[in-house]
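These notes open a run of structures that come right after.
Shared between the two complexes below is chain A, which pairs with chain B and chain C, respectively.
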Partner chain A sequence: MALPRPCGDFKRSWEADEAVFPTAFSRGALAAFLLLLGLAPLAAGDFWLYLLNLCGIALVGAQGLNILTGFTGQISLGHGAFVGVGGYTVGILATRLNVNPVVALLAAGVAAALVGLLFGLPSLRIKGFYLAMATLAAQFILEYLFMRAAPLTGGAQGLFVERPALAGLAIDSDAKFFYLIMTVAALATAGARNLLRTDVGRCFVAIRDRDIAAELIGVNLFAYKLLAFALSSFFAGLAGGLLAYYVQAINPQGFTVLLSVDYLAMIIIGGLGSVLGATFGAVFITLLPELLKLAIDAVGGWLPIENIFPALREIIFGLLIVLFLLREPEGLAKLWWDVKAYWKLWPFAY
Partner chain B sequence: MRFFLQLLVTGVALGSIYALIALGFVLIYKSTRIINFAQGELVLIGAFTAFAFLSQAGLPPALALPLTIVVAVVLGFTVERLLLRPMLGEPVIAVIMVTLGLAGILKGSARAIWGSVNRPFPDIFPALSLTLFGVGIPGPFLWGCLIAGVCLVAFTLFFRFSGWGVMMRAAANHQAAALSVGIDVRRVFALSWAIAAAVAALGGVLLGAINVIDMNLGAIGLKVFPVVILGGLDSIPGAILGGLIIGVLENLSGGFIEPWVGGGVKAVAPFVALLLILLIRPYGLFGTREIERL
Partner chain C sequence: MPDNAILAVEDVSLSFGGLAALSGVSFEVAPRTIHALIGPNGAGKTSLLNCFNHFYTPTAGRIRFEGRDITALAPHRIAALGIARTFQNIELFRGMTVLDNIKLGRHLHMGVGPLAALAYWGRARREEIRHRRFIEERVIDLLELEDIRDQVVGALPYGLQKRVELGRALAMEPKLLLLDEPVSGMNVEETQFLVRYVLDIREVWDVTILLIEHDMRVVMDISDRVTVMDFGRIIADGPPAAVQHDPGVVTAYLGEPGRREATA
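Here is the complex of A and B:
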């Protein structure tokens, strides 16, 4: 399924051939995209900026889950709770100890990674559905702790988080948050993409494709499975930390199994094991309810469907997942690929 | 001691309903190797369909219950044909995700039709009471035990003696071999979904008889997982025994641990047990131990 190479674009070294952005055009497109993204706060209203920020946060978490489920093939139904661990870490550090935001965010990542490591231990013995069950148990146990460790987590009310200040600059508006979130999101995406090209990433993929065979060629399953859990949860923790700072209030209702399912839906609708796909998926799943709401407002005048909105969201969400899996199992990334391949040869596609 | 017995007996009764719902799950897994995350939503749809026939249409139970079962069977066939059959042979995660999507569709549809309010379920089971070790068991629980017991015996006999039961076991055992001796594996799959949906609907009706029904009824689908992991994914006696154990465990932890550490223990205890079982004996009490070769 290789994309046709552009005409006259020859490579003379392995490095050039393996580049993420191999042509001048793709590098230009990336620069243009980053520039446009950087200018977005000037053009977008508060509402759209808010949505973009949520997309960015979801993207960080989705890249994390993609490392675990997409690259390494370990199913996790506990990702939402790992995001929650990050959120609560920031909440506790920021409200109780007034820690520097950068330190707090990193601590959120590390705390989530440690918890992920602990709940990743069963993956050494079990896989597939059984692992999904173990992570589901992790989800419920962590939810219980969020709720019941009230002196630390604030119980059902949760915690209130102050907006952070970086080097004297208070990050107190959607636009300022936008730059913080997008920086982290860009780093996370670049990190995930490059991870795939390192020896660690290749070990992950080997484990996904056939774990016994991977072990036979010398991949240390013990180390790499746990590493995948730790890395994935680190991303989740970062996402949770950003979320805590951004929405300023965290409580157990925000990190239920539904969030875990949302994250799984992101990487599956995007295209499992594809960094670009996780990006598409995160944006798509985050925007879906908002776009649905807009669409329903638009037709709401004619049809009495306003009061069944939550029901409609559930139905459409379920339908989309099912349709994608039945019709386009490789997700949005594959669609993007097809479109690109079509235009590469247009109008002489024969 | 009396308190302990009370918890034990009601735990067994509650567990029998878990067992009934887990039975449907195991049935699907046993013959199709599909992990059904929508079992709870099948329960939800079953309970509300019964509610619609009984309360909204005002039919007598003798007519409403068979109609509910018919609706569930049709639903099971439809779901299998439209969603699950194209997924045969796909990776586990894709199949899990399809059933999660199905759960969303079913739950959303139920919410769109019946709304998010509590619905009182009509009293349809004749009053029945039994006193065991000086502990009174409420009627609906007793009916749950009875119906679960009847289903267990019926399914055991079905798998042991009927032609379809043997075909389902053959298809579960080795799909290609079953095909080669002329078993219509697709029909076997459809049948197992239909039966699972019917059993789920029965479970829904029983749950309705115990309590009011609302949109959270589907959450019981998640409780099935500790049950089937404990019993063994592909074992019907395992589902029954697992259901009883998890029901008792839930009640005992609710009764004895919750006063010390606060609420929520009851809900999380089965999942702690699940994690321990996975670490010690992943294939459960009666499950088939999978041996993997390269």
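Here is the complex of A and C:
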């Protein structure tokens, strides 16, 4: 995706040429976006703030899966369970041991990373659909553990998690959570983008594009595949930890294979391997069902379709995704680049 | 010569099932030379190269690089010792830009861990810029890739892709560069360019080049020594002028003598 460079955009150092936001305009746009996002709690009501928070949590998890599936090309159907490992880690540490939330969140990431590392071991031998099956097995094994290790996980009832307090400040409202979640989400996004412009990220992409050639230039495939699993699960664990603190209740139903599929949908619809795409995808997949609900509720007043509401919502959700993928298989990120490229050349788009 | 050979192939055999691809191949490559490996199609040249990278495991014999036995090392370890390679059918990372492909060639010289990479701060940043400068000054400048460095490799014409692959191998700062048919499929002009690059590389970098090539004019022009293979065996080994008139070589290429006077 080589965008045409804007006129007069000359660089005087390699450092400037390596910048993610190369122009003053792009840096200004980023600052404006962050400022607006920071002001969002002033304008948004509880409902919208709740949705934004869910988007932020989904974003952390999606960036994680994008590292594994988007960058490294290792498909995973166990991401939801890795999120669950993070959730339960926070649940156990916060309720049983009353651990500081920052420590608990980091522990959630590390615990998930270790579990991810373990279930990433088969990736050295198997690829593609077979790896998908192996990670699906990871999903079911972990789900089983969430359910059966009742003394630790609370079994089917799950755990109740107290809201956290940071340095004496209780994080007890949607607005306070908003800042916590968005900070983590921003760090996760920046981290994923940074990864992609250093050797580690390039090695991941090399493994995805041509694993034989990667080996030939000295990439240790096994080590890097495991690293991708660990990093990806670390992000998943963070997302799970945030979710546990935010919704205050975790149980096995929250981390089923459906969650794994949701995460896959996010990065595929957003655009595999694109950090921006994972961002778009996380927001899109999180908001779409809620927006559909609002739309159908609005229409429901005039149409006698009350009984089939839930089913209708699922059908439209699926239909929209299929139509979308037909229209733009490379995802929302591609759409964004196309629009940008159009305006860069406008009105001289010969 | 045995002691200072950079690469020593000792009695290497390779068979797939009952089919012998290589039988008892032995030869040596002297440091800082351009050594050509030629032979008719199916002679086993690429199979031998694949043994050097350990994509194939020889059924017998051993391969020594700078005196060290590398026959059983993993491919990425062999790369780390200083052996780089290009392929007959280009093996680039097609979705990446030219610059990223060449940067990947620097992998073995980079040491940043995952946490530093996430933060892109301090050492990670300095390292990235240092290698960028190295690539720009030593590789991109030499191979004249400036104007395509930001383009995606998959969209480039074949000749340029070959040049990028050469750049990626060069960025590894190898001691031994294996080139598998570097000018195959190129027109005369592209061939001349690539040959000039190969000569430039030998001039500027302290590197030994082992190339497989079918273009005899190229081979005879630039090689210091030529090894000829046929049906998995070495049939001649020596300076280009000597090999050119070797009766065995003439037979391998042109068939039994007598039907036509052959001066290759």
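Going forward, the second predicted complex is superposed on the first by the 345 of 350 C-alpha atoms of A that agree within 3 Å, B and C clash if a C-alpha of one lies under 4 Å from a C-alpha of the other, contacts with A are read in each partner's own complex, and residues count from 1 in each chain.
Just so we're on the same page, contacts are C-beta pairs under 8 Å (C-beta built on N, C-alpha and C of every residue); 3 or more make two chains touch, one makes a residue touch a chain.
Predicted model only: the values in this text are computed from it and were never measured.
**Q** Check whether A:209 is in contact with chain B, with chain C, with both or with neither, and answer first, second, both or neither.
**A** The answer is second: A:209 touches chain C but not chain B.
**Q** Of the partners chain B and chain C, which touch A:11 in the superposed model: first, second, both, neither?
**A** Neither partner.
**Q** By the touch definition at the top of the document, which applies to A:27: first (chain B), second (chain C), both, or neither?
**A** Once the two structures are laid over each other on A, A:27 reaches no partner at all.
**Q** Which partner does A:344 reach: the first (chain B), the second (chain C), both, or neither?
**A** After superposing on A, A:344 lies clear of both chain B and chain C.
**Q** Which chain, chain B or chain C, is in touch with more residues of chain A?
**A** Answer, by number of touched residues of chain A: B.
**Q** Both chain B and chain C touch chain A; at which residues?
**A** 210, 212-213, 216
**Q** Enumerate the contact residues on chain C facing chain A in the complex.
**A** Those residues of chain C that touch chain A are 53, 55, 74-76, 79-80, 84-85, 87, 91-97, 100, 103-108, 110, 112-114, 116-120, 124, 127-129, 132-133, 136, 150-152, 168, 172.
**Q** Which stretch or stretches of chain A touch chain B in the complex?
**A** The contact residues of chain A facing chain B are 69, 75, 121-122, 125-126, 128-130, 132-134, 136-138, 140-141, 143-144, 147-148, 210, 212-213, 216, 257, 261, 264-265, 268, 272, 308, 310-322, 325-326, 329.
**Q** Please output the residues of chain B touching chain A within their complex, sorted ascending.
**A** Chain B residues touching chain A: 35, 83, 86-87, 90, 92-94, 96-98, 100-109, 111-112, 116, 222, 225, 229, 233, 261-262, 264-265, 267-268, 271-272, 274-275, 278-279, 282, 292, 294.
**Q** Considering only the defined contacts, which chain A positions touch chain C in the complex?
**A** Going by the criterion above, the answer is residues 1-2, 14-15, 17-18, 191, 194-195, 197-203, 205-206, 209-210, 212-221, 227, 231, 273.
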